[in-house]
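In the two complexes below, subunit A is the common chain; its partner is subunit B in one and subunit C in the other.
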Partner chain A sequence: MVAARALNSVRAIFYKVPRSAYVIGTLLIAVAFPMLNAVGVVETAWIRVGVLSLLYAMLALGLNIVMGETGLLNLGYIAFFAFGAYTTALLSSPKFDLHWPFIVLLVLSALIAMAAGFFVGLPTLRLRGDYLAIVTLAFGEIVRLTIINLPSVTNGPNGIPSINAPRPLGMKLTDTLLATNLPESLKNWLVIDKPVEYYYLVLACVAITALLLTNLKNSRIGRAWNALREDELAAVSAGITASRAKLLSVVLSAGIAGFAGCLFAYYSNVISPESFVFMQSVIVVCMVVLGGMGSIPGVILGAIVLQALPQIIRESAGAARSEFEVYRMLIFGIIVVVMVIFRPEGLLPDKEWRREAHEADPREIESTRQSLFTLEEGEKDLEV
Partner chain B sequence: MGAILELQGVSMSFGGLRAVDSLSFDVNENEIVSIIGPNGSGKTTTFNVISGLYEPDSGDILLNGESVAGLRPDRVHDKGISRTFQSLRLFSSMSVLDNVLVGMHSKGRARLLPSMLRLPSVRREEAVLRARAQEILAMFPGRFSGPRQSQAAGSLSYANRRRLEIARALASEPLLLLLDEPVAGMNPAESHEVMEQIHDLKNAGYTILMIEHDMHVVEGVSDRVIAMDHGVKIAEGSYEQVANDPRVVEAYLGKRSTDAAS
Partner chain C sequence: MSLDHIVSVTIGGLTVGMIYALIALGYTMVYGVLKFINFAHGEIFTVGGYVAAFTLFSLGANDSMPPLMLLGALLLALLAAIAVPVVLGTLVERIAYRPLRGRSRIIPLLSAIGVSIVLQQLIILVFGPTPITMPTFGIASTAVDVLGVRIRVLALVIIALSALLMMALTYLVRSTRIGKAMRATSQDMEAAEMMGIETDKTIAFTFVVGSALAGVGGLMVVLYYGSLKFDAGFLYGLKAFTAAVLGGIGNIPGAVVGAIVLGMTETYGVSVDLGFLAWFVVAGLVLGLYIQLVRAPQKRLSHIAPDRRTPEYERSIVGVYRFAPYSATKTLLAERTDALLSVSATHAMRLTLGNVFLAAVAAVFFVNGSVRIDTRWQPVITFVVLMVILMFRPSGILGDSITEKV
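Moving on, here comes the complex of A and B:
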């Protein structure tokens, strides 16, 4: 009883800190992280884990739009990631001797994935729940098998090697600038080819995506998605066009996956169908569930935990390393099952999903308590 | 005062069951019409047909002279008909204010990209919508004030949930408001309050078609009453006329045994 009260008062302190403080704090830590590498505290391998975590955070942000906001389960989400990655790989590698500029490909990858999302979404969105999950699962497999069986374009299972390093300023300008006598430290950033540089590139992309999606979540469109998730019949009776709103959420989430796919192709230099197997879709779903469906900070945390955790275990496992690989998915499964039983709303839950699980949001209770307090205090003042 | 809503011989069957059988009636501007009838007499089906959840098998539904029969529910809503549900259908984990804001969906224009960038036009629209939503919630004095607005709709008391459903339906400023049993499950004091509110809505110029079982409320607010049984309109007129109509009494209570004997 006393312990519970003490715990609550400690928690209340956390809820009194404004959300923006947490966001800025997290950003500062994220920006400072690679500096630890520069001073030699952290190995470069961890920067690579950081890049992959952020890439998956981007995927989780995208999947969260359909899963968390609109309430549609997509089990073939990684296919959109593949669309983005292959678009970039084909247009920026020796394969067809095409070397399109980075910025163009970033946009084009997203657009192609969005087009794929549109054509899958159009016929399938009338399906609900499990049926939609199965159709999207099949779509994911179709895309992967097509990549494997189309060697003339995709090199089949061998994948596409030697993808160019991104030059954010474009080919010509970069070459001209490289020829000038700019300081070496600045020239490094003209061609992004080191883990630290990728880290900052992807971090910026994740931060921007998270900001845009937060705005969207609190807009008319975000509310329409939530309403459809809560009660479709009531939502359409309130004037929301279900088909259009759902299609928009699927297309947007596909676009974000395509965007992430483009960055992934550049970063990994070689892409092959192995990166786009069904298990990858499942892992992204796990990230969203673990972090908290509908919660933007939550899904980012979920992605980081599920990407970094295997690495931490691998490091500490030492000799048992190969054994761990065998159990990796088993551990993921156990984590998700435990989460669903004990904390179904996720690690950093969204307000609405928390309400689903526990009726009330502690931050809300705190603010109600405060306003009641002010109210009562005010009354007392009146009496005096 | 012209007819806002006209039903012309609307029929709706489920398999072999004629839930609504060539039903015709009008609702005039700024009028409150109540539909009464025993369970299974087709009242809610009528609502579902009007609001677009079902497409009628035959007949036509005119809103201000324009046919809305067979339109999708969201299109019907855009045309100006909004409704509440008999079994509460709130977005229960969304906040009270958000529920009303969803009801205003068709009033907003914000598109995807401007919303993501939160452009000034989007901010302005959002501020206008929020202010309007608060005005609507203020129509229920003391019920949705202050911190309550950010509470989950699901955490409200039963009566407040019913009020919130009405608020959500009002948010789009409809030409016609369909209320499906607005006082179901309320105690007499609460239903009296809702009755007053329905009066206020009429004074504010709203047109209301209502299904209700509580005869005090029906008597208290209706300009006209329609009685249904087995999908057919059996009586129409003032409350006194309908309540004393022998066919209505029969529909609720069955035939008198003396009648059966004779």
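Moving on, here comes the complex of A and C:
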């Protein structure tokens, strides 16, 4: 009882801080993190952990659209990641001797993954939730097995090595700039090949994605998705075209996965089908469940916790990588079961979930009052 | 494609199918009662196999033992392969599924995925990451002549034992008190509870039966293939689930039928020339054309209201099916207000697309007549079957209710 009251007062303090302060604070920490490396406090290995955490955060953000917002379970999500990664790897490596520019591939990877999402989503989205999960699982496995079984294109299980380092300004411009007498520290950023540079690149991408998705979530489309998740029949009766909204969410999430896949291929330099096994999909699902389905800060937190925390534990326990992998997956499994049973709304719940859990957020009540007030003034349109 | 080839492939397909059926029954029964995919069932099966192999190992079973003792060791392994999965299945149900009953569909599925990961890692922790292998037995590889084909006795034993178990299960569900309780629970849990059925116990019993069958399946796989990997449960589980859906989920005979069809598809798919398979596709094409040109128009015609029944109208509906691609779009554009015509046109369009697809597949197969599908594609066949069946006929071959058919 005392503990609960103490918790409540702590919570009240946290609610007093405006939400934007948290966002800015997190961003500042994220930006400052590699500087610790420059000072010499953390090793470069942790920057790599940071890059991977951010890549997973991107994946979790994408999966959150289907799983959190629209309420469809996608167990083959990693396949879209694979589409993005292989598009980049094939078009920017010695395999076919193609070296397409970075920006083009970033867009193309997303587009190809989106096309894949469209063609899978089109016939499958009318299925019920659990059947859809199995169909997507089957799709993910088909993609992976096809990659393994087509060695002439994808090198099979060996994967595609030596993917080029990205040059954000394009080949020619980079070369001319490298030839000029720019300061060396600036030249380093023209070709992104160090963990720190990747870190900032991926961080920027995650920040932009999160921003766009937050806006989307509060838009008409986002509300349509949430309505479909809560009650499809009611949503359809209210005039939402269920198939179109669902397809949009699947295509969009596939696009984000393709985008992340492109960055992943560049970052890891070599990709192989092992990175796209079913377990990877499950890990992303774990991240979304842990952070809170439908909550954008939540899933980012979930991704970082699940990607970085095992590394920290491993480092402090001094265990070998292969040995630790078993415990890591064991913990993931336990986390999913425990979260689903005891705290289905996740660590940082979405406001709709929080409302269900009767945990009132004073800021939210205030903002609701405000918006009601502005409605009376006639400033906002009533269109929902 | 000689006769002995056909016989051996058929027996092989039947054996694999029966193993799938044993696992699929667990999926289908749980789904029938709880409307929930027990994703951890595949891992229960793996545990059964591991425990069986481990028992045989620690008993030191090998060919030099007297036959009676060998039989005893095998029976002990069978008992272990039933007991451990049963305990595990009940525990999982109690801990991870019961608190979630009544929540939306994907929540228990998530929990089941979590359980499946946990079980898989526990197997690695207990038995180590290397695949467990069986001590070699003479029994496991002895063969007899059937119609001039050498067939492993073990395959016949597996088929017979599985058939026996399935008959026992059918008896259990159809004619015993607990079976009646199961059927009642699956039909309407609340009403069953009001009638004095202890639904919690009934559901736990369903898990017990399913896990026991999966454990037996595990033993059979270990005996038949000689080894088992810790993550085998994933693929076997998915194949069994495919089988369950194929036959109609929640439907016990359906699971068996689906499993046998799947086993046959897999073995025939990779061991037969494409040219031979093409004849099956051609048969499908003939059936498709029959449906498009004869069956579907007849059915549509019966929907015409008596006051609109004119020969021209009937002809236009039949015509939509005859010359679908051209005429359908034309009619759709011309008579958008006519619901029956536009529905028929879309239907005809779909049928035509399906037939064109089948014709293309047949053509490809005929051109590559003597080529065989690589064994590597075997899992892909399963997944494609799974996707197709879920997308186009989620109710399966025999319909999807435990109460209707049993």
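We take it that the second predicted complex is superposed on the first by the 346 of 384 C-alpha atoms of A that agree within 3 Å, B and C clash if a C-alpha of one lies under 4 Å from a C-alpha of the other, contacts with A are read in each partner's own complex, and residues count from 1 in each chain.
The rule is short, and it goes like this: contacts are C-beta pairs under 8 Å (C-beta built on N, C-alpha and C of every residue); 3 or more make two chains touch, one makes a residue touch a chain.
Since the model is a prediction, treat every value here as computed from it, not as a measurement.
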| task | May I ask you to decide whether A:L252 touches subunit B, subunit C, both, or neither, giving the answer as first, second, both or neither? | result | first
| field | Partner chain(s) touched by A:D231 [first = subunit B, second = subunit C, both, neither] | value | first
| message | Contacts for A:N149 in the overlay, against subunit B (first) and subunit C (second): which applies, first, second, both or neither? | response | second
| request: Based on the superposed arrangement, let me know which partner A:I240 touches: subunit B (first), subunit C (second), both, or neither? | output: first
| request: Would you sort A:V337 into first (subunit B), second (subunit C), both or neither based on which partner it touches? | output: second
| message | On the A-aligned overlay, A:S219 touches which partner chain: subunit B = first, subunit C = second, or both, or neither? | response | first
| With the two structures laid over each other on chain A, which partner does A:P183 touch: subunit B (first), subunit C (second), both, or neither? | neither
| note | Overlap of the subunit B and subunit C interfaces on subunit A comprises residues none
| query | Inside the complex, what are the residues of subunit A that reach subunit B? | reply | 212-213, 215-216, 219-224, 226-227, 230-231, 233-242, 248, 252, 351-353, 355-356, 359-361, 364, 367-368, 371-372
| request: Spell out the residues on subunit B that touch subunit A in their complex, using ranges where they run on. | output: 51-53, 72-74, 77-78, 82-83, 85, 89-95, 98, 101-103, 105-106, 108, 110, 112, 115-118, 122, 125-126, 129, 146-147, 150-152, 154-155, 168-169, 172
| request: Over in the complex, which subunit C residues touch subunit A? Could you list them? | output: 36-37, 95-96, 99-100, 103-107, 109-111, 113-118, 120-122, 124-125, 129, 234, 238, 241, 245, 374, 376-377, 379-380, 383-384, 386-387, 390-391, 394
| task | Over in the complex, which subunit A residues touch subunit C? Could you list them? | result | 71, 73, 75, 123-124, 127-131, 133-135, 137-139, 141-142, 145-146, 148-149, 278-279, 282, 285-286, 289, 326-327, 329-330, 332-337, 340-341, 344
